[in-house]
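Below are structures written as structure tokens.
Two complexes follow with chain A in common, the first pairing it with chain B and the second with chain C.
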Partner chain A sequence: MSTATKKKDETINYNEIPRNVRMRPYFIIAPGLLILIGIMIPFAAAIVLSLTNYSFKLPSFKFVFLKNWINTLTDAAFYHSLWVTLKYAFCTTVSQMLLGTGIALLLKKDTKFSRILKVLFTFPLMVAPAIAVLIWQLMTSNSIGVLEKLLNVFGVFNFPWAASHSTALFTAVLIDTWVNTPFVLLLVLAGIQSLPKSPFEAAQVDGASAWFTFKTLTLPMLKPFMYIALLFRLMAALQEFGIIFALTKGGPGDTLMNISLTAYLTAFQFQKLGVALPGLLILWVIINFTAKFLVGRQRKLAKQAQGY
Partner chain B sequence: MNPNQLPKSKSHKSSLEILEAVGRNAGLSLYALFALFPLVWMLLCTFKSDAQMYNTVFRFTPTLENYEAVLLGTDYFKAFLQNLAVSGGAVLLTVVAGVPAAYALARYDFKNKEGIAFQILSFKFAPEIMVILPVFLIFQKIGLYDTYLGLIWVYQLITMPLLIWVVRGYFEDISVEVEQAAQLDGYSWFDVFFKTLLPLIKPGLVASGLLAFIFAWNSFTFPLVLSGFKIQTITITSLRYIASDTVHYGQVAVASTIAVLPEIIACLFIQKHLVRGLSFGAVKG
Partner chain C sequence: MNACILKKRLATLLAASMILSVAAGCSRSAPTPAESSTAPATDASQAQADINTAQEGAKDSTDFDWKKYEGSTIKVSFVQHAASDAVISKIADFEAKTGIKVEQSVTPEANYFDKISTSLSSRSGDPDVFMSGAYQLWDYSTAGYVEDLNTFLSDPEMITSDYDFNDLVPSAVSALQWDGIPGDAVGNGPQLGLPLMFEIYTLAYNTRAFAEAGIDGPPATYDELLEICDKLQNWNGSGSYPLAMRGARDWGTIHPGYMSTFNNFGAKDFAKEDGKLVSKLNSPESVKMNEYFLDLIKRGGSASWSKYTWYECAADLGAGKAAMMIDADAVTVQQNWAGASQEAGNIAWAPIPVVTAGDKTSSNYWTWALAMNASSKNKEAAWYFFLYFTSKDFCMASSVDGNNLDPVRTSVWESDGFKEKMKGQPGYIDAYNETIEQTTILFTPQPYFFETTTEWAATLQDMIAGQYGSVQEAMDALKAKMDKSVEDIEF
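Moving on to the complex of A and B:
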């Protein structure tokens, strides 16, 4: 043990450490990991099942190999759901990033008002997506909603919200933005609070304009924080299910049918589990690649920002 | 700093500064309206009778009949308790299994450490529906469908990655010397862990446990697929209020309010740790 501690800063020779000490971390970590892996066995099952014609209606199933995959990849409905997935992810992420960053910058100045708001603004983030939909139905309902009554003042009656093909996406994005903007806000605010003072004082002495300071100092140093926010929001938005399901179950028609919704309905309404899975596996690949890309960019930016 | 310059620069900036302050506060107020009014409106709606719901906006005679209807008349209260049991059980299991894992990932240097840590994180990013479809199948076969154990197990996908990553950071914040000093004093490893380390990370542990609880409480996809008639969670039960033929909006509002209230109270207690928890320890707010 003493050799191990002495050598801590150098490279560790694992053979010098007694075996029981060397194995200890694995034992400690095992329960947590086993619980998680146990629940991830289904992931392997998902790949196998995607090659079968498994259905909850049929007593048995057989392998159909790539049939489900080929059907998925040649199905116009799949490309529609992919398009909805990307559209929804893009709209929610962009609106939340812009709004969250903007409000964080407004909260930068430390006043009593902003300190109270910082706490209050975290509230919507705690609301479950399904409950958020209920809350917004109280707002937008054409019979009792306060927004309807407000729009009536401006001469707009029975605004369709989630019920119409043209406004359903807007409504879903609005609810998602209401819930999740505080997440971006909090992360960017943490970034703002960690900004070092000296570069900004130097810029002020040099007489740099506010915009120039923001562009060359603030923004690059905030970017690593914004990337973390972007990573979390984008990953969640690509697989959003709760808000859309609670709002319209993918409707009206197939307006909000993203990949998650399509798979859920294929599996449970049409009882075809095998058919539902290829789309989800493709979504999982997309999410994984996006995450890897963003994590890589974030690390590079964090290093760059520290160079200032 | 120079006393002669101070008043001059102040008067020079004042009109611009006032304009900036007005703009800033206007922007903040607008966003505050967007973020908070829906919650206020929800609360107002809980006190409106069915008739007043349609013909009043802000001026009405408050009534408690919606609260009575929801809490006494239906199985909402049962769902509330069951949700509490499932979420609480999930967090408990996560703490028991996850804190040691977080400790190992923070303190020990072993092969594949970062690989294992990222594997744990990646569970968070797997599409919930993809995980849940085969789980549904397997749970029906092995009898875990619609049981507490089944739901608590699946909820580990929500709570465990969060807790391990956040608590790992709190362990890393404690210097190794603290541990070594305690060991030199003759404490066993077990004692060091429970008597010196755990008290030190307690605030962080409580905060991340509460946050994990909130996420579990909010879960929608898992209980939608994996629970049936026996176990009902609050998110699923609440949705039924809007699905019925004649919607009692007052009851919808009460159901939502009771679902949200515990979370907002919990959120007030963990403000200091919120950023760190939400970003899985990536940002130390």
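Moving on to the complex of A and C:
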């Protein structure tokens, strides 16, 4: 049979497919689609409400079109909150990636001790961020805190922790790192354990040093997994709210006023939802583009790691 | 081909559902303020006269028809507080007496107003009754969410002859009256709520600390306060400090001791000028007060001042870290009940100092009140809740047997039971008596209260941390921000 005939015979007329078979894809994706619609409705509503003067205090609202957007983009406080957002995200993500990857590499050997440590290291992940802040506030309390007592041994008294402009970011990053490093640890550890053994055995036979093995084998093959961890942590860090709000509510001054916190206070405490939304939508754009970039890089690295 | 058709259909469906839902939300006719059954706002004296007339014509509580709304259900929202605990403990009694079922919810204060704001804005009528402070009622009443309780107070069918409205502490009542005009002081207009408790601001001090430092008594003036702070450095070992005051980045930092002191220095937050509300934060009086405050925190405050809410301040007072605390009397006293804290039994009270000896001290004011949702579908049944839980009997029981302080009725303050209860709290009642006549809400009511006071607290934090070249510079910057916040208010 010729290829053309074969191809003609293989062409299916869509309308000849039984209806129940044609409807099958819709039923399969219906639950996911409903959830997606449920997510998209508030998103679309947010875009619309950002063009209004919607406030919980006002009995009605009206369209003010781009007024909220212009006010946001010409407000120095917005750029300050953007800077705080980026600074916080950078500091937390870098520290968590370095610590999480380092600890994962140290725990890769399957011994009884490493198994115990793996469990212990995941404990902070089980603590809600607001509770983590409470724990750290008690630990860093100048009156009764265990960390304060520890610092007293070294002659440091009344360390300001989150009470000072110069140490507030450090304190918030410290708490965030304590809570979220285990997440990076688990992902990277899973990646390490899924790496093929043969390249490493070959490297060992050839007498490669530990550093050489790490640099040329482990790290390149681990990068796709690290990028996944980086993606999740960076997106979360850009949106961070709970830790900062529970710790200082953005203070002292405006030191920790990132976009999320600024928008929350504007929307719910000052009750100006329409005014708050442009900042959040801009944050969404930033996160969206960052995630697209990281996902693209991760796919490329995954292919490279597989030898493509 | 199949995948192409599927994608097109899905995309169309998604877009259509988004557009329809958003269009439905926006095309809904804008909600109008709830039709209120209240009488138009009257002045305070007229309202008082109406209430007196109603009480004279009313039945006493034994003849009152408490079962009139039997079978109704009302929803009440509480904030987590000793006042709520006192009410909740008696809800079963209320239900038995009236036959009205109460569905209650309790929310921590940090989240409470977010929840209430969204509930009230839905105009669903849920909750029927909610707890609120006076400042929040300025916002809510402006939006038409709050029922004027004068409707019920002036109705002889809805009040009892022995309710004794005049027994409620006058400043507790007037703080919850506001005519809704930004810039107008409280004390006139609809009765937006009835108080469950209130607090005034006094100086709580550790008598042991004073005795050990050779200090005769509490400071009468602000200069004396500074001198005492110098004497009380590390009074109880390293880490202890003289004076606990709130410093967190929210309105709660401004309204207690700070605002009372602000007023004592003769400063004002806003004034009406040329048809606009104008911030006066950079006035000479305000700058002088803030220069003093900066000095006070540096010489007497905690190293972690900018993180402190009243929880941390009170904990430090009780733990023997802070020798003094200028804050709510109802909070500081909780550290002095027998066994309540390490320093229990060592705390005494005095009025807040003044600028010049002989001046009368003043205090700002906070109340947790009950307010009624203007959209409530059970207003009469909800009113019975007010009637029961702001009555003399309940106030006496909750304040004398419980810890619901400060009591909102003068008769409770003067009762033997209350005086006996407060015997172990030296100076508490005296400080109250010296201060109460000059106690009122010292802020200028306006609908951007939370925005302006949060900016105020943030600026104080920056000022204390040396982020500004001078206090004048800080106050000039703050004035600019506050003027911007209230720029759309016109008279």
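Convention: the second predicted complex is superposed on the first by the 279 of 308 C-alpha atoms of A that agree within 3 Å, B and C clash if a C-alpha of one lies under 4 Å from a C-alpha of the other, contacts with A are read in each partner's own complex, and residues count from 1 in each chain.
Note that in this section contacts are C-beta pairs under 8 Å (C-beta built on N, C-alpha and C of every residue); 3 or more make two chains touch, one makes a residue touch a chain.
Just so you know, these numbers come straight off a predicted model, no measurement behind them.
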First (chain B), second (chain C), both or neither touched by A:Ser143: both
Larger contact residue set on chain A - chain B or chain C: B
Touching partner for A:Met126 - first (chain B), second (chain C), both, neither: first
Partner chain(s) touched by A:Ala45 [first = chain B, second = chain C, both, neither]: both
First (chain B), second (chain C), both or neither touched by A:Ala162: second
Which superposed partner A:Leu187 touches (first chain B, second chain C, both, neither): first
First (chain B), second (chain C), both or neither touched by A:Leu36: both
Which superposed partner A:Tyr88 touches (first chain B, second chain C, both, neither): neither
Residues of chain A that lie at the interface with chain B and also at the interface with chain C: 12, 14, 22, 25-26, 29, 33, 36, 40-41, 45, 137, 141, 143-144, 268
Partner chain A, residues of chain B touching it in the complex: 24-25, 27-28, 31-32, 34-36, 38-39, 41-42, 45, 53-54, 57, 93, 96-98, 100-101, 103-105, 107-111, 113, 116, 120, 122-131, 133-135, 137-138, 153-154, 156-157, 160-161, 164, 180, 214, 217-221, 224-225, 235-236, 238-239, 241-242, 249, 252-253, 255-256, 259-260, 263-264, 266-268, 271, 274-275, 278-279, 282-285
Footprint of chain C on chain A - complex, ascending: 12, 14, 17, 22, 25-26, 29, 33, 36-37, 40-41, 44-45, 48, 56-62, 137, 141-144, 148, 152, 157-158, 160-165, 247-254, 265, 268-271
Residue ranges of chain A in contact with chain B within the complex: 5, 12, 14, 22, 24-26, 28-29, 31-33, 35-36, 38-43, 45-46, 49, 54, 99, 102-103, 106-107, 109, 113-114, 117, 119-131, 134-139, 141, 143-144, 146, 149, 178, 181-183, 186-187, 189-191, 193, 225, 228-229, 232, 235, 238-239, 241-242, 245-246, 259-260, 263-264, 267-268, 273, 276-277, 280-281, 283-284, 287-288, 291
Residues of chain C touching chain A in the complex: 1-2, 5-6, 9-10, 13-14, 17-19, 21-22, 25-26, 30-33, 113-114, 117-118, 120-121, 139-140, 142-144, 238-239, 248-250, 302-307, 315-316, 319, 321, 447-448, 450-451, 454, 457-459, 461-462, 465, 467
